[in-house]
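Note that the chains are named A, B and C in the order they appear, and that numbering of residues resets to 1 at the start of each chain.
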Amino acid sequence: MTFLSNLINGISLGSVYAIIALGYTMVYGIAKMLNFAHGDVIMVGAYISFCATTYLNLPPIVSVVLAMIVCTVLGVLIEGLAYKPLRKATSLAVLITAIGVSYFLQNVALLIWGSNPKTFSSMIHLGSVSLFDNKLIITAESIVTVLACIVIMIALTVFTKKSKMGKAMRAVSEDKDAAELMGINVNVTISVTFAIGSALAAIAGVLLCSAYPVLQPTTGSMPGIKAFTAAVFGGIGSIPGAMLGGILLGIIEIFSKSYISTQLADAIVFAVLIIVLLVKPTGILGKKITEKV
Amino acid sequence: MDKSRMVPVPSNAIMPERDIDKTPILETHHLGIDFGGLTAVDELSLTVGKTEIAGLIGPNGAGKTTVFNLLTNVYQPTRGTIMLDGKSTARKTTAQVNRMGIARTFQNIRLFNNMTVLDNIKVGLHNSINQPLGASITRLFGYRASEKKSREEALQLLSFFGMENMANMQAGSLPYGAQRRLEIARALATHPGIILLDEPAAGMNPSETAELMENIRRIRDEFQIAVMLIEHDMSLVMNICEGICVLDHGKVIAKGSPEEIKANPAVIEAYLGKKKEAN
Amino acid sequence: MNKLKNLNKFTFTNIQSYGIVLLAFIIIFPLQKAGLLGNQISGLLVPTCTYVVMAISLSLTVGFLGELSLGHAGFMSVGAFSGVVCAACLQNSIASDPLRLLIAIIVGGFFAGVAGLVIGIPVIRLRGDYLAIVTLAFGEIIKNIMNCLYVGFDKNGIHFSMTSAEALGLIDAKPILNGPNGAQAITKISTFTSGIILIVVALFIVLNLVNSKTGRAVTAIRDNRIAAESVGIGVTKYKLTAFIISAVIAGMAGALYAMNFSTIKPTKFDFNTSILILVFVVLGGMKNIPGVMIATIVLYAMPELLRGFASYRMLIYAIVLILVMLATNSSGAKQFFEKISSKIKKDENADVQNGGVSNG
């Protein structure tokens, strides 16, 4: 039973990673940049939702929508102000700028909300499910997280496969210049990508803090790094890869915590990542890169 | 490889035909490679003599550059063997193959653009400079002597191509023709037994091409090495190559002397004929 | 003439680099001896030296080798804790502080080099962003392992444990490394002079390396890997060499750093520290060693000196960072600067002409 409950916890945590990883992977696929500030957008989302329920007494679902709106605007603003001018700069310059944005968000949060951790009350007011004579309890948070993850996954896949904007995104990720020549507005496409990624980050922030209710300005950074790892794990640039990577990472983390060592759990997660990359250098579902000589 | 051959033998005369050493330096047997389901090169068997100038021609997409990539182990062949001076190059890395004696240039020039011309050549001399890591870091243990030697040798090579006045320019800022020459000089710096030139005359005007032709002959004569080149400029190929191999769709359709190739109906149909129509 | 110019470029970098160090030493050392430096600045001296060394070391990996490393603090950590353990073990046998420090720094460098080898072998097969993420992962792994590492030294010799301090079974001694609490009761033996010497050593290694056979091979690989392979350079060998040298220097810096504090925790050397050093290197101009040194000094000291602004200081730091990146890298800013510089040149020309006329 502990095995099953660990598995469920793992999938649930992994689903959060997967939702965050989607933001990383989409931005990487289309703008070819590592958006290190993505983890901090999660934190902002969680704070907005927290404030909406605590201070404004809004219903949870409204607070989530509000968080999504704020994060979407924030994501587009960050992209437009900090990243767009650097479209032609080296990837390292963009990376450092993203780090700067990350520091900026953390410190603004620190000024507004202070460094004391806030106790995030769960947004999900549903009962948990007990199975096998209460031997296996599945929390409502787990169920909602996994469901949200599945819905997002399906919606995104349909969006990128069927919609006009989704097709534009895939075209830009294949070849930015060729897409531009075909009349696709690359800047708009990239902005939309950031908007989607940031809205997902808001959802992830709420789900993450519902399950692990400590909220502080650095809340987003570690899950951010892990989700980024998950994106690489699954093959960065690939949407199903991000899902797979996220969920596997969550499972590995929970299992190492309960069966090996709490302290070494992160080390094990990263070690597995390294082994996977050595066997498949572009991740589980990543495309093989061939260089033309 | 006999490294003492490095120093150019002073000579102005074009080597007479009968002096060409046709004992093979490079041999391939039934060489082939598949990319996925596509056979890019198949059943390639050819021989290049020790001081021969050989040409590899064929229409676009015939697989010529793929052959060079196979010979330098950038791609591992699916079938067949490559023998260099009687030794197999199977399972060697590109770097090891170079140390065995194959040097090359690239169709799209690949220089170290951010380094000086002189340093580009010095990188080519890498494996003939004796400078252990300890010497590199401390500047002792023969550092000065090895740097001086590599500098002298590099300048000598540059003067072979009349480029000694460009030694301190950035490679990336050189004019196109000079970049091509530098790439050849860098390849020669590795003391090869055979040099592979991938479209050396691409983008050159007739006078530059004539100079290149002269240079290729001088390389063979003074360094006493084999040259194999891919080229679309037929006058160049027919003028300087002693042996020509024609490739079409990854297969050899003809081999022989320039005269034989010119007269071969299969070649005319696959290649020269098309070219005439285009003109 | 050209020859002279080229020689000068290298010597100029060298003179600049060593000159900065010498100047800093000449100015600061007497002030420190005379006790004219406040506590705050005195406390910053050794850490600043350490970060300068770290930045020089990372410049080798990122600037010259061209590989993004996001886990450089990991090597610093290995060097720091192995150095601390070494110094603590030698506490009674070697009385001279500088000698003990020297040995500790060498040991720190050695273990970091070993870590560099272990990490480097898998890492350098990967390319670009994948390499970056794996270095990040290794940095986190090292941090985690250090968090669980217990080391103690008593009359029976040295004891290790991965579980708890009690498991060491020490007799009449306290653990040197105490898991998540890190090293405690370190004898502070690092000095400003030792920091300056370490910078000079790091400069000596990196600057010499750059202008040598090995350095050229490394630069060539970065410039055009395929061409480098085609002229017989073993890419793996030289990438690994540069990576290990960089790790060794970082380890030495770590040992120096640790022995400037009485306690030090493994979490000090986390991802944020790696990023901090990377920021120094990038803003300093990657391969530009004097620039990297100056950027480190300014950027490391700035947040500390901005303490007056208390909670705003990191925010200011973030904004400055973003603005500097935008100003130096965006295409709009580039055009702007080009316009200005061409205008200045024009003005200069005009001045010269005017001067000529008036003189005539």
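By definition in this document, a residue touches a chain if its C-beta (ideal position, glycine included) is under 8 Å from a C-beta of that chain, and two chains touch if they have at least 3 such contacts.
Just so you know, these numbers come straight off a predicted model, no measurement behind them.
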{"item": "Comparison of A-C and B-C by number of C-beta pairs in contact, larger one", "value": "A-C"}
{"item": "Innermost chain, where centres are averages of C-alpha coordinates", "value": "C"}
{"item": "Taking each chain's C-alpha mean as its centre, the one farthest from subunit A", "value": "B"}
{"item": "Where subunit A and subunit B are represented by their mean Cα positions, the distance between them in whole Å", "value": "50"}
{"item": "Between subunit A and subunit C, centroid-to-centroid distance (C-alpha), Å", "value": "31"}
{"item": "Computed distance of Cα centres, subunit C from subunit B, in Å", "value": "43"}
{"item": "Multi-partner residues of subunit B (each touching 2 or more other chains)", "value": "74, 106"}
{"item": "Contacts with 2+ other chains: residues of subunit A", "value": "293"}
{"item": "Per-residue overlap in subunit C, given as positions that touch at least 2 other chains", "value": "226"}
{"item": "Interfacial residue positions of subunit B with respect to subunit C in the complex", "value": "72, 74, 93-96, 98-99, 103-104, 106, 110-116, 119, 122-124, 126-127, 129, 131, 133, 135-139, 143, 146-147, 150, 165, 167-168, 186-187, 189-190"}
{"item": "List of subunit C residues in touch with subunit B within their complex", "value": "2-3, 5-6, 204-205, 208-209, 212-217, 219-220, 223-224, 226-235, 241"}
{"item": "Contact set on subunit C toward subunit A in their complex", "value": "62, 68, 122, 125-127, 129-130, 132-134, 136-138, 140-141, 144-145, 147-148, 180, 226, 271, 275, 278-279, 282-283, 286, 311-312, 314-315, 317-319, 321-322, 325-326, 328-333"}
{"item": "Subunit C-touching residues of subunit A, taken from the complex the two chains share", "value": "28, 34, 82, 85-93, 95-97, 99-101, 103-104, 106-108, 110-111, 221, 225, 228-229, 232, 236, 261, 263-264, 266-267, 270-271, 273-274, 277-278, 281-283, 289, 291, 293"}
